[in-house]
Amino acid sequence: MHTYSTTVRLHHTDAAGILFFANLFIIAHECYESFLDPDVTFNSMFYELNLMMPIVHAEADYYRPLRVSDRITINLGLGHMGNSSFSLEYNIHTKDGESAATIKTSHVVRNKDGSQSVSLPAKLRKKLESLEK
Amino acid sequence: MHTYSTTVRLHHTDAAGILFFANLFIIAHECYESFLDPDVTFNSMFYELNLMMPIVHAEADYYRPLRVSDRITINLGLGHMGNSSFSLEYNIHTKDGESAATIKTSHVVRNKDGSQSVSLPAKLRKKLESLEK
Amino acid sequence: MHTYSTTVRLHHTDAAGILFFANLFIIAHECYESFLDPDVTFNSMFYELNLMMPIVHAEADYYRPLRVSDRITINLGLGHMGNSSFSLEYNIHTKDGESAATIKTSHVVRNKDGSQSVSLPAKLRKKLESLEK
Amino acid sequence: MHTYSTTVRLHHTDAAGILFFANLFIIAHECYESFLDPDVTFNSMFYELNLMMPIVHAEADYYRPLRVSDRITINLGLGHMGNSSFSLEYNIHTKDGESAATIKTSHVVRNKDGSQSVSLPAKLRKKLESLEK
């Protein structure tokens, strides 16, 4: 399991005083990138292996509003891992341990122009396996 | 049905050269706001009626990558409408009419501090009903 | 002169109820892109001519707060145009004609890895000249 | 002096492969918020003291492009401090110590509807003084 902690900042919120829903997907992706670093960087995938890993599905359930300065922690887990796809699960909770939201993202591996599926590179597969208990 | 057209801009994209997935939720919400304006504005709900309409679920399926300067159109439809909740469906397609993504958002109506569910105000109900065929 | 109109949306605002300052730079850049389209697209510069036009300076003065649903109009003008650089000026006003902000951005033209200055391509120069009275 | 370190993430970049200029203002504001926390929080200013601290001027100079996974550090310093205004200076450098950008922001203290200037609250003044050598 990978854990990522961050703080809700003013730019994450909107005039209703709470985190704007789409920004939690952005924060989740920061968690994902912090997990991949430094073993499977964007640069190594995109510029060296000429691969993209676009997200083909994303969903979030929001259980409580988050506000400026709220400290949140995300536990990242593996959903499934296939030949050329994988999914991730993010459990977001407050510093009091209360569940704030869950997010799921589904990723596919493709060549750079998106025309062909590609098998997960070995180092990515190994990295994802590290999420399994 | 409500229709919203916009253009993918540089800030929507990332270093992979395509729209960053979370930004499509932001664009969908612009569509939602353009639908509510000027009958059910944020200001009238939040400052006059002291209501919030937080999103409690959001999901997206992405069918093709979107790039800088791509012109997209969103058709907004009503999913369900309950006593204090409703959901919306967004079909996003390119100017060639190809489906690029679908998004769903589920909303609840609450008092401002989020502690109590509130019935949909009449003008919101009427507005949502206008989405039904 | 080029004119761009848009609406302040919820995601542009923050918990203080007003547009988050950095988002006005994003909106200004949308104006800039709408000006360049379709004559000098990002794609034509980046993928065909292998050029980048990074911003090396940006500044904004904010005269009044902007809020959700505010309709704003931007008048884009040319600041200076040099051999491999140019600057743009954005006057942002409300629908009542009141000045809300001014923004300036300075751009340079470089090869794709950023190592060398490049003269403004003819079609870009011509486009920028169209901003002059 | 206050120091803030963070990592450039995919959502900060655009299709040119580098950080989108406006996002550096967002990162600088995260630095500012991390400086104020927990002594002078947004909540204490906005909800308790009924004050806003809008930014009335912002400017940035960019010296080198930043890319995905780049680790950056910001040194925050005080520009000036007046009766109802202050300015901040941010020096952003890479982990190799190279200067990547400088940012300045000017802030005013106002009552919540923005109609009147207000003197800097004592705890804010004290906090800002801590930035002076």
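Which chain is which? They are A, B, C and D, in the order written, and residues in each are numbered from 1.
We take it that a contact is a pair of C-beta atoms (placed from the backbone, for glycine too) under 8 Å apart; a residue touches a chain by one contact, two chains touch by 3 or more.
Since this is a predicted model, take the numbers as computed values, not measurements.
The chain with its Cα centre farthest from the Cα centre of chain A is C.
With B-D and B-C as the two chain pairs, more C-beta contacts join B-C. Chain D has its Cα centroid 31 Å from the Cα centroid of chain B. Chain centres here are Cα averages; for chain B and chain C they lie 27 Å apart. In chain D, 10-11, 15-16, 18, 20, 22, 26, 29, 42, 67-68 are the positions where the chain touches two or more neighbouring chains simultaneously.
Remark: chain D residues 7, 9-11, 26, 29-30, 33-34, 37-38, 41-43, 67-69 touch chain A in the complex.
Those residues of chain D lying in contact with chain C across their complex are 15-16, 18, 20-23, 25-26, 29, 42, 46, 52, 54-65, 105, 114.
Contacts from chain C toward chain A in the complex involve residues 10-11, 13-18, 20, 22, 67-68.
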